[in-house]
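Here come two complexes built around chain A, the first alongside chain B, the second alongside chain C.
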Partner chain A sequence: MTRWYTPWLFLLPGLAVVVTFSLVPFVNMIVLAFTDATALGGGHFTGLANFQRMLDDPKFWVALRNSTLYLVGVVPPLVVLPLLIALLVRKKLPGITFFRTAFFTPVIASAVVVGLIWTWLLDSQGLVNNVLRALGWVSRPVPFLTDEWLLLVSAMLVTIWKGLGYYMIIYLAALGNVPADLHEAAQVDGAGPVRRFFAVTVPALRPTMVLVAALSAVNGFRVFSEIYLLSGGSGGPGGADTSLVMLIQQTGTGLTGNVGYASALSMVLFVVTLGLLLVTLRLNRREEAL
Partner chain B sequence: MRRVGRYALLLFVLAVTIGPFLWQLSTSLKGAGEDVYAPDFVPSQPTLANYAGVADVVPVWTFVLNSLFVALVNVVANCVGASMAGYALARLRFRGRRLAALVFASGILVPFEVILISLFLVMRSFGLTNTLTGVVLPGAVAALNVLLMRNAFLALQPEVEEAAVIDGANAWQRFARIAVPSARGTILVVALFSFMFSWDDFLWPLVVLSDPDKYTLTIGLAYLQGTFFQNQRLVAAGTIIAVAPLIVLFISLQKHFFRGVGEGAIKG
Partner chain C sequence: MRTTRRVFLIGLAAATLAGCGLSGTNEQGGAVAGEVKGEITFQTWALKPKYTQYVEGVIASFQQEHPGTTVKWIDQPADGYLTKVLADASAGSLPDVINVPPDLSFPLAKAGQLVNLDEAAADAKKDYLDNAWAAYAIPGKAGTYGFPWYLNTGPVFYNKALFQQAGLNPDSPPTTFAELETAALTMAQKTDRKVAMLGQTPAIADFGLYGVEMMNADGTKFTFNSAKGVELVEMYKRMYDAGGLVAEALTQNYTGSGAKFMAQQTALTPGSAYDLGKFKTDAPSLYANIGITKPITNTGKANMFVHGVSVPTSSKNKPTALAFGRFVTNAANQLAFSKVATIFPSSRDGMKDPYFTTEDGSDEARVRVAAAKQLGDSVNYTPVQFSQQMQDSLRQNLADAMLGKKSAKQALDDAVAECDRLLG
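Up next, the complex of A and B:
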């Protein structure tokens, strides 16, 4: 009754988009990584030349270092803080829905809006510096946006601030699945709230924590907007805060874009993100085996 | 006493999460004679002039229309395309179904930044760089949404549809009259997240658009910051224009946002 091609008609729009704008570019990226193609086209097979160039390219190592530091800097706070906030908004108290909604607001704002808001707050004459000075904690403005290392840390804080609400919701969903009788049993045994948190809640939430770590690690390694906006597009003093994605964008776009080299950089990005996902799967599988 | 402590903590987190937005709103309302650097949250000469002023330096309303166009097309395309593909994967039996599911699954595994440069070349070969069509197309049917819809259709009771088959309804009729109305909760989640993703997207429009008349709001704002950073009031007004529609949407439909995070996180 159903014609053989009917299912394919259903699939056509979706498959067309995913194949044309995701899978074809992906294969194309792998091919281009072994060529000297430029933005103008052309390009010849050059073997591993792009990867050899990478090893000698200080910009690549700086970008790889920054993206890795970013990952290391944002993952622990994003695993811990949203869990604490979720515990805080978990109980049904008057007005708790308002707090949950408010805590989620930074998630819906675009990275650009968030980046501009914090650029203004962290300006040498901005609110944060004014408050720090009024409190007498600093005598000169803190160079949040102009110092190489402080800029990176500031961008991390923005990422953490923007991610709190998102991971809070994930933890709230997971907390709903922690069996209540475990808590009660622990309470009967005389365990206080802190003890119950580490003995009952944390073990039950381990798979969720691994998931949050994986999501925030992949997103952290892919950082672009926060550093771009806080540095006004420059990537920090002398480009010292450029991330890997920023380097890909700078290398591969524009009239002088080096598409081949940018593709080789993209392959590094892909291998790292895929590796992070595989590690997560591994960790969660071991979890289930126990 | 415990409760007081809990509320104190809640208010602290509230100040940290909402404070920066309020400061931006406050800056956008400050009059020309006020010191924007002074830490006063309440403007002493409140004015809406900065909202008019931002349109004098950049075509901010054109940016809004461009963003709105891109976001709405993205919503319609994702709802229609992801429902159709998700339905076929969940409910129709055919050769090649596993292959099709694999294509969508691998689409999720490829981070957008990895294909950025190569996607630009694909778009250029279609002659669609520097067009809004070029901005929309790569996300028009997101693979994640296809899998979300597939799961939503799988969760429906199959009996109703089986009865419809006996009554002679074809696949399109079952899809449109039975499956889609029953899965409208998930379709709403797909619509919301498509709108938000598209409205907030930065990297792709930045790469694919070059002409300021075509700019979406996000790159328009980055451009505004680059050129007129001296006037912080105008930048603040621009960011409020960009974030206000989403806040309204979010407050009216927050339950679905939270549901979307749960489903997207577990499956993504």
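Up next, the complex of A and C:
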């Protein structure tokens, strides 16, 4: 006879890890969001004060705006470009492995290294500006890293560049599952490559595209390292490029960190991320129903 | 069966919740008495492997002087030091003797986590330089919370080649803030903004050097938004508009600014005696053109950095911890340390050593002797209460002022308001 707790015993090791490193911190975050706790402990229950403060905090609105803009800026290119690259590199051409590897290299490079390389490239005296100046295209350096909007766009470009290879692999796997006979049938019916792409490939890949959109949206909304590194940890001039995760880091860390407020901000981040995933789930369900 | 399962799940949930929430703060320390023996742990900030031999030597002589004691040395890398201290402090398990600079000691002392040395080691004060001992005092709270260990200060470094390129006399660097502004404007104009004088907007210590009062007498409010503070920011704004500051000055801190100077993209930077060695090895072409001059200050007193060791109230062996803290920072040990590292002793007798008073003709000795002389009346201008969040706020508001989004006065008012709020 199987005892009722036998399944729990099997679950125990995995459950212990999840409870210790995910569930406890998560519940802790919810508790702390309603307190004025500091990094060194202490703190009292303050009700909704942290959320009220958030509404009046211009930094929060700037961070929310930036994270949202980031999501809007990186998702469409990250859904479309890797698909096009996947279509190119799946062709059996001599030397194609080199290109596949080249596109994937940024994915395995450390975010810090990538950030530093791009900082050197885009600096006011960096390679890009020096080339532009040498060509006589600009007389003053382009403020890639010191203009509020250009910095955000530069960071988005780094995210897109770094993410291309990862999503390309997902698309490559999915492309392998598109039935070849559908393509052949379309070809027999006289469909050209463009027509076949929209009539066969895209419909077959739609669930994968939704998945890529979901993953890149969640990652885009939680952006930290790109902006942090390109702005030298400052969040841009006047902190105008701070993302929500950066704000949480700036608020909650250090010996004087305001853990209560940072937890409240984290709750907002969680709710938005969850919302994004629920939207994706719904889209996927609709796909299946169709 | 159903009830058992429910009890099990409720128990799990309760256990989860029990691990969450609010932890308390420690009790404040008082007078300490007891025998010096038993084991203690000593945590340092990134001293391995360069100074392993020195630290192990100090530990060995302490153990020899106090038989029955064992000092366990833990060295933490600089990266993540704060996180480690924070985690230990939250858990109430800080090592018995811990290396913390004054700005880290402040939140710990405020939370009652550090032993008050004025009570626990009342006779120690006389062994240290007054300004170094004062660095571990907490404004608005009685007591001193760290034995000063080592000090650093330094000259201003400038790039003679870039001065020459801009038509400035490389043998006559700016010595006042007014001269700095004139030189920066000339340099930007003559080089068509290709070379900037400075790499960052003023840090809080620069306000001190300019003669701005940082805080009120009881340390409860910041006051750097005074007319003098506004004057300094307006001066930087003029330099920024003319191209006297690199564009990245709006976003980068001291480290970024130092890198720009090393890359010969800026012409002048404040530094420490340690930096000279770094230039020699990492930027030899800069080193060949390096100019060394006195710090630019309106107060006549240079800026000083302090490191010290504190004893947490959570220590189970305070008598030994206090004895070791004093031992590590005594005159002889500090002097020996200064000779292997580019630092300066905070003990009264240490500074009298010929090592700090006589030159041998080398650049290193020249910087060392000049820095040692200037340390006697240097000031740690950065208030101990000035946290990372406050630094961020100041930097962000200054960037807004440089960009013209806010007036200098408004930017400083906003920074002060935010810092006061963070001070609580």
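The definition used in the following text is that the second predicted complex is superposed on the first by the 269 of 290 C-alpha atoms of A that agree within 3 Å, B and C clash if a C-alpha of one lies under 4 Å from a C-alpha of the other, contacts with A are read in each partner's own complex, and residues count from 1 in each chain.
Everything below uses one rule, namely that a contact is a pair of C-beta atoms (placed from the backbone, for glycine too) under 8 Å apart; a residue touches a chain by one contact, two chains touch by 3 or more.
Predicted model only: the values in this text are computed from it and were never measured.
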| item | value |
| --- | --- |
| Overlay on chain A: chain C relative to chain B, clash or fit | clash |
| Chain B versus chain C as contact partner of A:Gly235, first or second or both or neither | second |
| First (chain B), second (chain C), both or neither touched by A:Leu48 | neither |
| Chain B versus chain C as contact partner of A:Val19, first or second or both or neither | both |
| Partner chain(s) touched by A:Thr256 [first = chain B, second = chain C, both, neither] | second |
| Touched partner set for A:Pro106, first chain B, second chain C, both or neither | first |
| Touched partner set for A:Leu164, first chain B, second chain C, both or neither | first |
| Which superposed partner A:Val218 touches (first chain B, second chain C, both, neither) | first |
| Partner contacting more residues of chain A (chain B vs chain C) | B |
| First, second, both or neither for A:Leu93, with chain B first and chain C second | first |
| Contacts of A:Val202 with chain B and chain C, given as first, second, both or neither | neither |
| Location of chain C clashes with chain B - one stretch out of 256-264, 346-354 or 382-390 | 256-264 |
| Doubly contacted residues of chain A, that is, touched by chain B and again by chain C | 4, 8, 19, 23-24, 28, 32, 125, 232-233, 253, 257 |
| Complex contacts: residues of chain A adjacent to chain B | 1-2, 4, 6-8, 10-11, 13-15, 17-26, 28-29, 32, 85, 88-89, 91, 93, 99-106, 108-113, 116-121, 125-127, 130-131, 134, 161, 164-166, 169-170, 172-173, 211, 215, 218, 222, 224-225, 228-229, 232-233, 245, 248-249, 252-253, 257, 259, 262-263, 266-267, 269-270, 273-274, 277 |
| Complex contacts: residues of chain C adjacent to chain A | 1, 4-5, 8, 12, 16-17, 19-25, 82-83, 85-86, 89-90, 104, 107-108, 111, 113, 193, 246-248, 250-253, 256, 263, 265, 387-389, 392, 395-397, 399-400, 402-403, 405, 422 |
| Chain A-touching residues of chain B, taken from the complex the two chains share | 3, 6-7, 9-10, 13-14, 16-18, 20-21, 23-24, 27, 37-39, 77, 80-82, 84-85, 87-89, 92, 94, 96-97, 100, 103-104, 106-107, 109-111, 113-122, 137-138, 140-141, 143, 146, 170-172, 175, 196, 199-203, 206-207, 218-219, 221-222, 225-226, 229, 232, 235-236, 238-239, 242-243, 246-247, 250-251, 254, 257-258, 261-262, 265, 268 |
| Chain A to chain C touching residues, read off their complex | 4-5, 8, 19, 23-24, 27-28, 31-32, 35, 37-44, 123-125, 140-141, 143, 145-146, 231-239, 250-251, 253-258 |
